[in-house]
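Which chain is which? They are A, B, C and D, in the order written, and residues in each are numbered from 1.
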Amino acid sequence: MQAWSLEFLPLLIVLSSLLPGLLIFTLKEQQVALRTSLNLLGVVLKLVLVYVMWQGVKAGDNYEFRLAFLPGADLILHADALSLLFVVLSSVLWLATTIYAIGYLENSPLRSRFFGYFSLCVSATVGLALAGNLVSFLLFYELLTLATFPLVVHRGTPQSLAAGRRYLAYTLSGGLLLMLGVSLLHLLAGSPDFTPGGYVLPLLATEGALLKVAFALLIAGLGVKAALFPLHGWLPQAMVAPAPVSALLHAVAVVKAGAFGIVRVVYDVFGVEVVSSLDLAWPLLFLAAFTILFGSWCALAQQDIKKRLAYSTISQVSYITLGVALLGPLAAVGALVHLVHQGVMKITLFFCAGNYAETLGIHKIRELNGVGRRMPLTSVAFTLGALGMIGIPPAAGFISKWYLGLGAAEVAQPWLILVFVLSGLLNACYFLPVVYRIWFGVQYSAWPAPQRFSQRLETHWMLLVPPVFTMLLILLMGLFASTELSPLSWSELIVEREFSFDD
Amino acid sequence: MIDLSHLLWPGAGLGLVSVVSQGWLVFSLILWVLALGYSLSSQAADPKATRYWLFMLLCFAGNMLLITALDALSFYLGFSIMSLAGAGLVLHSGSKQARRAGRLYLQLAIIGELLLFSALVLRAAAAGGLYDWQSWQTVPLDHLTIALFVLGLGLKAGFFPLHLWLPQAHPVAPAAASAVLSGAMIKAGIFGLWLFLPAGDPLLQQWGQGLLWLGFGSAIFGALAALCQQKSKQILAYSSVSQIGYVLMLLSISWLLVPEQQALALSALVAYAAHHAFAKGALFLLAGSASRYRLSQLDLLLLGFFVVSLAALPLTSGAMAKAALKQATAAAALPLALCLYLGALCTALALCHLLMRFRVEQRELLSRTVADSMPWLQRLPLLLLALAALTLSWGGALPSAWVSWLPLELAAYTGLSLVALAPAAIWAASWPLLLAVPVYYGLQRYAAAVLQQLGRRQRWVFFCSLWLKRRYQPLA
Amino acid sequence: MWPAVLLVTLPLAAALLMLLWPRRARVLHFAVAVGLLPLAVSFLLQVTVSGEQQWFLGNWGPLLAIRWQADGLTTLLLLVSVTLHLLVSAYVGSIQRRNPLPAAFWPLSNLLLASLQALWLSRDLFNLYVCLELLGMVAVALVTLSGDKALRPALDYLLYSLFASLCYLLGVALIYAGYGVLDIPMLAGQLEANWLNAVALTLMTLGLMLKAACWPLHLWLPAAHASAPAPVSALLSALVVKGPLFILYLLWTTLAPAAFLPAAAYLLASAALGAMLFGGIAAIRTPYSKSLVAYSTVAQLGYATLALAFILRFNLPEFVAAMWLFVLSHALAKAACFLAIGELQHTLGARQVEQLKGASQTMPLAMFAFAVAGGSLIGLPPSGGFLAKWALLLGLWQSQQFFWLLALVVATLLSAAYVFRVVVLAFDRAAPTAPDFSPQRLPQYLALLPALLVWVMAVFSLPLLTLLKQEL
Amino acid sequence: MLSFYLYLATAALLLGVGSLGLWRGPELLRRILALNVIGAGIFMLMVSLAYRPVLYGEPADSVLHALVLTGLVVAVSATAFALALLGRLLARPQ
């Protein structure tokens, strides 16, 4: 691999969505073809670049791009196995979501603005994944907030504006706490690159109290996006955004950014050793466990499909946090693999919810009765996604749950299995009735607002292909978990690299 | 054995490495194929046939997978596919009863699955991250894990007191589905217990006693509860509760025996399970046909054959199975003889009741409509099941060259049936049956109303299920 | 030396010429404004290369002469003033057809620049007074350009400003009475901690705080800045209020005896706290868009004052860097804000914040400029505001000022609240305010330019800190 | 010596009167005048300070004189400006 590509590939991957995004801003509303091709060009280019980088990282290449930023803290884009996991997830799902969004927003106004911010959002996510130190992470974390806000309020209705305000109130506060934490840590330990095993170990003896403060600040800041319990308030409201946005927000961009940040902070900044010797994992563990149950419990009462999905996200994302907080290798595998699995499953569910809303005008769960006959493919995708969320094989969710459970037993916290079981039960309680209505329910009134997008297909093909594609991913990831391509194998590789430093 | 660990998940593999799983696979497969064949005719006019076949085949696949699985994850995969697709079968008719039975089934199935999940996780963790059950055999158990296994798998097996869903779900499903539900699918629970609880474990010695009595309780309870029912399919369902109790007893006995004698008990276990699968499956099919068609002489003959077989009349597969059970209890030196007589009496009573209700239902049907005779496509599976039952009990008497190609030690089961031919055994098997007839007559004469009253005492299950539903799905 | 002298005299001369020759005022103005830019850049490079420079005007001896001194900070301020001056003039030029400002704008803005440049360079107490007074009067004159409605705020501004100057002058007189010297470097370290000096410094500080609109002496600012024409408000908010702050910094870091420092630090810190909190709250509550931006100035000055207070208490390089980074980034960001809001206000006919509904569709560029500049005001990375806040945070953590960290968090949230109050409205699609005429692009781009500059600033943090001679 | 203190006292008095006038307000003209009085007080103070060396037989401080002159110019122009503004304000149609 040439030296220039080692240096500039990470930058190119970020730019491959940033530049099309900026160009799209300047386009007129009517330039549909140009906009679509710019979008797709960016997606394809990014996927190719990510593939090249993936091969490189597997071979052990060290991709790194540096730019002077703050004194003592460069802006670093660095590709390691962990960041690649997130990069691949977001690029692949970006592909699906872009296609979906093109279909979803056909003939709606302000598309240039939408797709512009959409690309910016993905650029920020990828940048966040590639960020090589805390300061760069902070930078992209805030940019992500800014890029997603216009998407949340895209509809411009009073509800979406209220949701946008709330979203900002939460995420900006979170960003601020993160900034406090990062600056404190910068003062204590500087801002070196993320290091497997962490870099604050030398400070353990002298600065224990401040390290605790920094950890609390960082987790609180990240917890806002990861929707940890008292900080989750923005998420259910933000689902008023258009379906592709909710899909991206819940599956990849925002909540995952928080969860990914927690992974980074625990493994690459503090390190397992410091976290366990300062007893920092316990509060996180309890919080995550509570959030899992709390989110599921709230989801039960929701009658709106997207709202139910939103609360389910709160619960599911905390699986990742919980897995990280367990501090064991198996739990870490579970957490990382759930990062991917949850993303794919949740995006499928949101795609389907969007399809129901767009094609038949269905927003409430009780309106879903008998929709399985009218929209079979979408419904199959929804069912598989739901089964995955409950953790039923062969859907992917089972694999992550299995590893999380093993991880809990491994570190001698078997009571956590109870948490998983209860959450699985609650998941079943709020997903299975929906599935039941879809397949076995009897349609009792006409669809609220039916539309015919296609003569042969149940809906517009651009709305149908993405959920089917992600549904296949769910099955493949769940069934062929041991193959080299699977997220599970990649997570095991990451964990091997992360934990080999503790021995 | 097929190694899939590089494709699916670590440790994944399929294969039949034990006599028990081989036997289990064969009888399940036979029942499944015949039930599917029966469905060809019974669901021919079903507007929702596609859905029926989808769930039926999914259940089939799941059932086969869980028997052939060599690792916990594959077992769990098969188990959950089977359980969830089973809900589709229970819900199939879409009637009110089906919907509430389906709800109950799903609630308990999900709970059972999650319990099983936690048990498996605990076990895998105890085994140091190995998932194949071969390597679990040497890992010591703990009480929590055993309890989770018994509860999780017991909810599927449906022995007392985990049987709640069973008498509700079986009657509402299509006949072929009830047949496999009762004949093959609930046995998956027992199979799982055998698979995941290594016999040599010292803790199992403690649990074995308890489970033995639980099985016995289930056997008695099921038979008595069957007496209180009026619908033939419900009687059959309770009879399944009763029979699965015997299977559980056999499994517990196998744990209590010394290792050298375990093979005997396991043979008895497979034999009993196979016998029950054939007989109960056939009776459910017959019940399904009887609700629509007129039964011919041949059909009545078949009915009689399967009923006496279940009642363990000498020379039938039932007698063989019961003899095996007695032998196993004797080997374990358990003072169960009297209890077994009591059990046989109760079973016989239930079967008398079944016959009576069959007759009543058939009469009602004929008084309403002019029913056709049963089509041959439905009769053929019944005949084949009868043949299978006969082979099970007398296959060993055939020249060994005829059966040696079978992947099973069929002779082991046949040896059991030869034991049942001793005069003492014949007498021991017969007198509870002879006693049953007058007792049943007396009961019908003097206590019919009370029994009916008792039979209605099962609505609380639905109330609980509905209450639970309202918790997670409040009224808008 | 020549660049420095030219930087002051060129605009001064131009202003005089314009008075004589008003018809050529615009041409002359742009010639001068464009010419000053390379001059300022070259001066900055010169100082960077050869270090601090100083001159005694008129070649008098040190006791009599006025000392001018140029270090990194001064040259930076010079450059920023020149840049913003050019930018604002370009904006005024671009809207000339639509709503022309009175011709008096050209000479006045040149005078403003001249007095401001002299202020940055001067290190003489009395000379600073003259610059300050001139600056104040020109600023008031500029406010009156928007017509009769601005007269009352302008007059109030003038009275406050005169009073403040007199306070300052009295302080200067008292110090001169004690030491007979006006030259700041010569006075450095001389002042004893006696009551006369205390009174003098208090008076000067009071005057300067009044001029710099430090809370609670800020009352004149919102009215004056809100009623001035948008480009003038940009100049006032971005540059004029920074002048007194600069003098305050000089006074307290070089003149004041160490014994006074803690008291001054408390005074300034509490003023800063008030500014950050009440300024922010007022900006959130005010119904008018321009007063929102004006109150935001009050709040943002609070950060700089806070940094100054901590310079006095702890003398960490982080705080010095924070103070001047705040000043620089606020200058750029606030100019962008005022220009953008002015453009929005004019095109949409919207004086009230509520009327900015849907601006992100009707005038995306201006709204984007406002949002981007607002990002810097909040301190989102990677902007100049972030840089400043980062330095302040590092300093506060280092000196373990947990209360002030909390205050900073609250203040930042308040600033986010008022910035996004506007931005969220801009995304309202229900009832967008229609533009009165088709929006002009050039002025919007001119509003965007400083906003982008302030974000670019973040990448040049190291050269900036080198110029400020602060190591983080 | 006494005269020096007398000057100082006068200056202080002027300052006091001016400040009181400014404080009391509220008419704008009154405030402008008050500011002028304060300015006069300060200049008085400066002139008396310039006079101080004379007490010890040295020449008066010419720097201060220069400053006062400059200050007077500034003050006069400021007053003029303020009065002009006030005039425009009062001439404004209500």
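Quick note on the criterion: contacts are C-beta pairs under 8 Å (C-beta built on N, C-alpha and C of every residue); 3 or more make two chains touch, one makes a residue touch a chain.
The structure displayed is predicted, hence computed values, not measured ones.
The chains that touch both subunit A and subunit D are C.
The chain occupying the central position, as judged from C-alpha centroids, is A. Across the assembly, the mean Cα position most removed from that of subunit A is the one of D. The interface with the greater count of contacting C-beta pairs, when C-D is set against A-C, is A-C.
Look at where the CA atoms of subunit B average out and do the same for subunit D: the two points lie 111 Å apart. Between the Cα centres of subunit B and subunit C there is a gap of 86 Å. Each chain gets a centre from the mean of its Cα atoms; for subunit C and subunit D, those two points are 29 Å apart. The geometric centre of subunit A is 43 Å away from that of subunit C, both derived from CA atoms.
Under the contact rule stated at the top, the pairs of chains that touch are A-B, A-C, C-D. Looking at the complex, you find that subunit C touches subunit A at residues 358, 360-361, 364, 375, 378-382, 387, 389-390, 393-394, 397-398, 405, 409, 412-413, 416-417, 420, 423-425, 427-430, 458-459, 461-462, 465, 471-472.
Put simply, subunit A touches subunit C in their complex at residues 67-72, 75, 110, 113, 135, 138-139, 142-143, 145-146, 149-150, 153-158, 161, 164-165, 168-169, 172-173, 175-177, 179-180, 183-184, 186-187. Chain contact summary for the complex, subunit A toward subunit B: residues 300-301, 303, 330, 366, 387, 390-394, 398-399, 401-402, 405-406, 408-410, 414, 417-418, 420-421, 424-426, 428-430, 432-433, 436, 439-440, 442, 479-483, 488. Contact residues on subunit B toward subunit A in their complex (touch as defined above): 4-10, 12, 51, 73, 76-77, 80-81, 84, 88, 91, 94, 99, 102, 106, 110-111, 113-115, 117-118, 121-122, 124-126, 129, 144, 469, 471-474, 476. For subunit D in complex with subunit C, the touching residues are 15, 22, 28, 31-32, 35, 38-39, 42, 45-46, 49, 52, 61, 63-64, 67, 70-71, 74, 77-78, 81-82, 85-86, 88-89, 92.
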